[in-house]
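In the two assemblies presented below, subunit A is common to both, partnered first by subunit B and then by subunit C.
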Partner chain A sequence: MEYFLGVDIGSISTKGVIIDSNLNIIANSYLWTKGNPVDSIKRLLNDLKKQVSDDIKIVGVGTTGSARKLIGAMLKASVVKNEITAHAVGTSTLYPDVRTILEIGGQDSKIILLKDGIVTDYNMNTLCAAGTGSFLSSQAKRLDVLVEDFGKIALTSKNPAKIAARCTVFAESDLVHKAQMGYKKEDIIAGLCYSVCNNYLSNVAKGKKIEEPIIFQGGVSKNIGVQKAFKDIIGKDIIVDKFGHLMGAYGVSILALKSKERREFTFSVTDDDFETKGITCNKCGNNCEIVLVKQNNKLIDAWGNRCENGQVKI
Partner chain B sequence: MNKIISFPHLGNYSVPISFLLRELTKYEVRESPPITKKTLEIGSKYAPDTVCVPFKYNLGNFIETLDNGSDILIQAGGGCRYGYYSEVQEKILRDLGYNFEFINLIDSDKMKIREVYRTFKKMNKHLNFFKFSYYMLLTIQMIRYMDKLDEIIRHRIGFSLNIKDFTNNKSKMLDEFSKVNSFYSLTRKYFKYKKIFKNIKIIKPNNCIKIGIIGELYTAMEPFSSYFLEMELAKNNIEIKRFTNLTYLLFQKRRQTKKMLGKIKDYCTYTLGADGMDNVYRCKYLIDNKYDGIIHTKPFGCTPEVGAIPIIEKICSDNCMPIIFFSFDSQTSEVGIKTRLEAFYDMLNVKKG
Partner chain C sequence: MDKITIGIPRALLYYKYKDLWINFFEKLGCNVIVSPCSTKETLENGKKYLNDEACLSIKIYMGHVDYLKDKCDYVLVPRYVSLVKHEKLCTNFSCLYDLVRNKIDVPIINYNIDIDKKEDEFYAFTGMGLALGFKYAKVVKAYKDAKKDEKISSDKRLLKQKSILGSSKNIKILVAGHPYNMYDNLIGKPIIEFLKKNNIEVIYADIYDKKYLKSEVERITKRNYWTFNKELIGSISHHKKRMDGIILLTVFPCGPDSLSNEMIIRNVLDVPIIQLVIDELDSEAGIITRLESFIDILNERRQVHE
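Moving on to the complex of A and B:
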């Protein structure tokens, strides 16, 4: 049997799955990126390795997420794909009739519309981080609660506060204002959950027709407060899969399976020493930022140059 | 000492513009340094923050070329905020303490050939109307030929075995065009390169993905401002159709306005300023001609396009046409654009099966 590894490395969390050729997830892992993708990928691989027997043969690797290129170079991935395609492929494999995917991650949020398993439209947040996971976790810190408890506390509120959701900065000052006015903590937290949904629906999902079945995924989907807020505001049933946070990794592992390329992958990569370095090319006014990736002191990949002046020979 | 004349960049059109200025004025023509990120940084530093991004590129071009020793700057007007560019830019540059002459080629909305002649006559006393007309027409012909060859390239470059076959030949072509001296030599060069571009070996499947690019003119014509969008598409085996070029803006647009409005009367009754209505029509055209997707580009805050977008969205949703909108600004993240673009052609690819 052939096995495939899919890695989704985002700004906040790193997700990985190993699937067999029947598309079953046989190992999965979810941990924090902590601003160090190289290190987090090693921890991820060690965690995955523990879950599978030693003799399985991984023949394809796919990467997605904002550090997909870097990790793709590290793991010699056969597929390096954007998050939108990866999420769509993963979700529509488990739910072939899905019409709408709502996804809120650490720093990005997106909506994907599908019909008959084919993406017909999508959108991704552009300017503002309001209504993403990092906004919620920074507010949790301000209110001195664990972000993991956010949902539970929100559900206890009977009268959610209205919080201006247009922009992170305004939302934060409004939140302070509501707290000083004397609102209860749970009402403010519930209000935040609603404001995340409102922000998402008026920015990312603007003008998009949300049709059932609707699947809500990404890290924020684990927050039951936001789940409830979405159900209330949209007025339709919303599915949250227990693997919802892994869909990107699952999708890209399927893409690795579907690609014709086969290249054996071993976990020994975790013993290698990786070094990344950003340099600025000063050969013209573009000042391109070129990234160099070294494996055991040997240059394996470089990118970032706009013209041939900045081409790095490997 | 001979004065140096310069102008802002717009794609490859610096070749015919330099050519015209060289032939008609007695000044030395010095092109602005090529656009880089630094150009945009300088432009953004001195431009009003909310102005559309072509203004910032133009201003950056001016400052870089003034620092490079130019004495005379040329700018032209247009049908939207662009019409105010020259006055505001001149004021900003004077406030910065630069000393220069500023020439606005097109003062009003329409180009009046006699006024342009008068402007050139001021720059060169020995110019006569015959010489002026001859080189004006020759330049126009050069622009037409360039646009025609570009169209061939856009059809084929996505399927070349080596993209450099096209790009290298194109730079050679531009170089040779800049050295022509008569209609005869220009036409010969045109046919020479037409043959070259048509004979470069490509592997093009019959059901390849075809994408139409519509939107505002500067982001359409200046590849740097759209992060080399067309090149990115070409690398992914896509046939590109682009409508906006100088030939269109200078000659075809005026003649076609009525016809275009007629074709889209269900959606649009009036023109929308600049190319707004044109883009609505182009959408209809792309749908009727069975293109697979549309990419709409504009600078952030481009008013005519902001007006056109809801209409375009309506046409596209009525006809199930995939469309993606890009808004470019000095703050745009390149990675974000690439991610969305990649997802777009993944989507088209899967749809096509």
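Moving on to the complex of A and C:
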């Protein structure tokens, strides 16, 4: 049997799965990126390796997420895909009739609309990270609660406070104001959950038609307070899969399977020494930042140049 | 007498009027120099003159003027208030002249277009020719000839795009943005190049027959008084049936676009549409992710239709 590895490496967390050729997940891992994608990928591979027998043959690797290019170069991936396509493929494999995917991650949020397993439309948040996971964790810190407890506390509220959702800075001053007025902590927390949903619906969903079945994914989907807020505001049922956080990695592993390329992958890559370096090209007025990736001191990939002047020979 | 040298910044309205401008001055017997394509350096130089509230396009513009400041006798800095009765342009076009005059020490040749005050293009160009010391008859002739040249090259572009629309089987994306953003080296060019590399036929929103502008616009909105945005809306309405997707391209922070694009996104529901907002961020990753997934979607839709 052939096996495939899919890695989704985001700003906050790194996710990985190994699938067999029948699309079953035989190993999975989820850990924090901690600002060091190269190191976190090594930890991820070690974790995955423990879950599978030594003799399985991995013949294709796919990467997605914001560090997909870097990790793709490291793992010699056959597929390097954006996270929207990866999530859509993964989710629609498990839920073939899904119509809407709501996704809120650490720093970005997106909506994907599908019909008959095909993406028909999508949208992603723009310049601002209001209403994403990092917004919730910074507010949790301010309120001195663990972000993991957020949902539980929110559910105890009977009267959620109204909190502006347009902008993190305003939301924060609103939150302070509500606290000083004497609102209970659970009401403020529940209010924040509603504000995340309202923000999402007005800034990301932008009036797009949200049809059932609806699947809610990304780190924030684990927050039961936000789950409830979405159900209340949209007025429809929301599905949260226990593997929701792995959908990107799962999707890209399927894409690796579907691609014609076969290239054997070994876990020994974790022993290699990887080094990345950013240099500035001064050959024209653009001053592009070029990233060099070295494996055991040998240059394996480079990108970032806008013109031929900055082309790096490999 | 030595030839007068006119410097034209390769930014903002240059992309709309370049044929008229260059031909007019050349026919008068002036030297014309156009600043080179924008680079990061242009942007950095432009930023020095402005506060942080100016939009990316204005920052780039100032960088181009900065390049020209000691290379010519005059820099052409027009002032556009309104092109159509009861309509407006972004205030940046009306303040451009004052902005440059107050910030950069450079002689300016300027003209003013303000239809509400009956100052039209003919009036503006003859005024400019006379100010440079040319005879009235020569100026009028230069303007009329330049107008003809402008018409010829815009017809050419229209014809070229029409033939692409008629013949190409590739995925077609309408890039809808102001010409000065679409064609700028820093803003639109990387995006357009990325699309072309992925076998996309790029259709430019500024190229279309504006004969039906009014009725086309009204199919999307009845009320909009920004002339340039109206032209974009008209183009989207005109093209959308033949497009696989639409990219709204804008810069941060653009006032008219932020209103108009929001309205377009909520009203044009039959064609996939995304908005790309370009700012000074160095990283292109976010833009590439959006473009890649957009192309994936359009490809999948095509396959289903076939």
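Here, the second predicted complex is superposed on the first by the 314 of 314 C-alpha atoms of A that agree within 3 Å, B and C clash if a C-alpha of one lies under 4 Å from a C-alpha of the other, contacts with A are read in each partner's own complex, and residues count from 1 in each chain.
Throughout what follows, a residue touches a chain if its C-beta (ideal position, glycine included) is under 8 Å from a C-beta of that chain, and two chains touch if they have at least 3 such contacts.
Everything quoted here is computed from the prediction, not taken from an experiment.
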Determine, for the superposed arrangement built on subunit A, whether subunit B and subunit C clash or fit.
-> clash
In the three-chain superposition, say which chain, subunit B or subunit C, touches more residues of subunit A.
-> C
Taking the superposition as given, does A:84 touch the first partner, subunit B, the second, subunit C, both, or neither?
-> both
In the overlay, answer first, second, both or neither for which of subunit B and subunit C A:116 touches.
-> second
Answer with first, second, both or neither: which of subunit B and subunit C does A:66 touch in the superposed model?
-> both
Which partner does A:124 reach: the first (subunit B), the second (subunit C), both, or neither?
-> both
Touched partner set for A:286, first subunit B, second subunit C, both or neither = both
A:207 contacts which: subunit B (first), subunit C (second), both, neither?
-> both
On subunit A, what residues does subunit B touch that subunit C touches as well?
-> 66, 81-85, 118-122, 124, 126, 207, 284-287, 306
Where on subunit B does subunit A make contact in their complex?
-> 33-34, 36-39, 228, 313, 320, 322, 327, 335-336, 338-340, 342-343, 346-347, 350-351
So, in the complex, the side of subunit A touching subunit B is made of residues 66, 81-85, 118-122, 124, 126, 207, 284-287, 306
Complex interface listing, subunit C residues touching subunit A = 39-42, 190, 252, 265-266, 272, 274-275, 277, 279, 282, 285, 288-290, 292-294, 296-297, 300-301, 304
Contact footprint of subunit C on subunit A as seen in their complex = 66, 81-85, 116, 118-124, 126-127, 206-207, 284-287, 289, 306
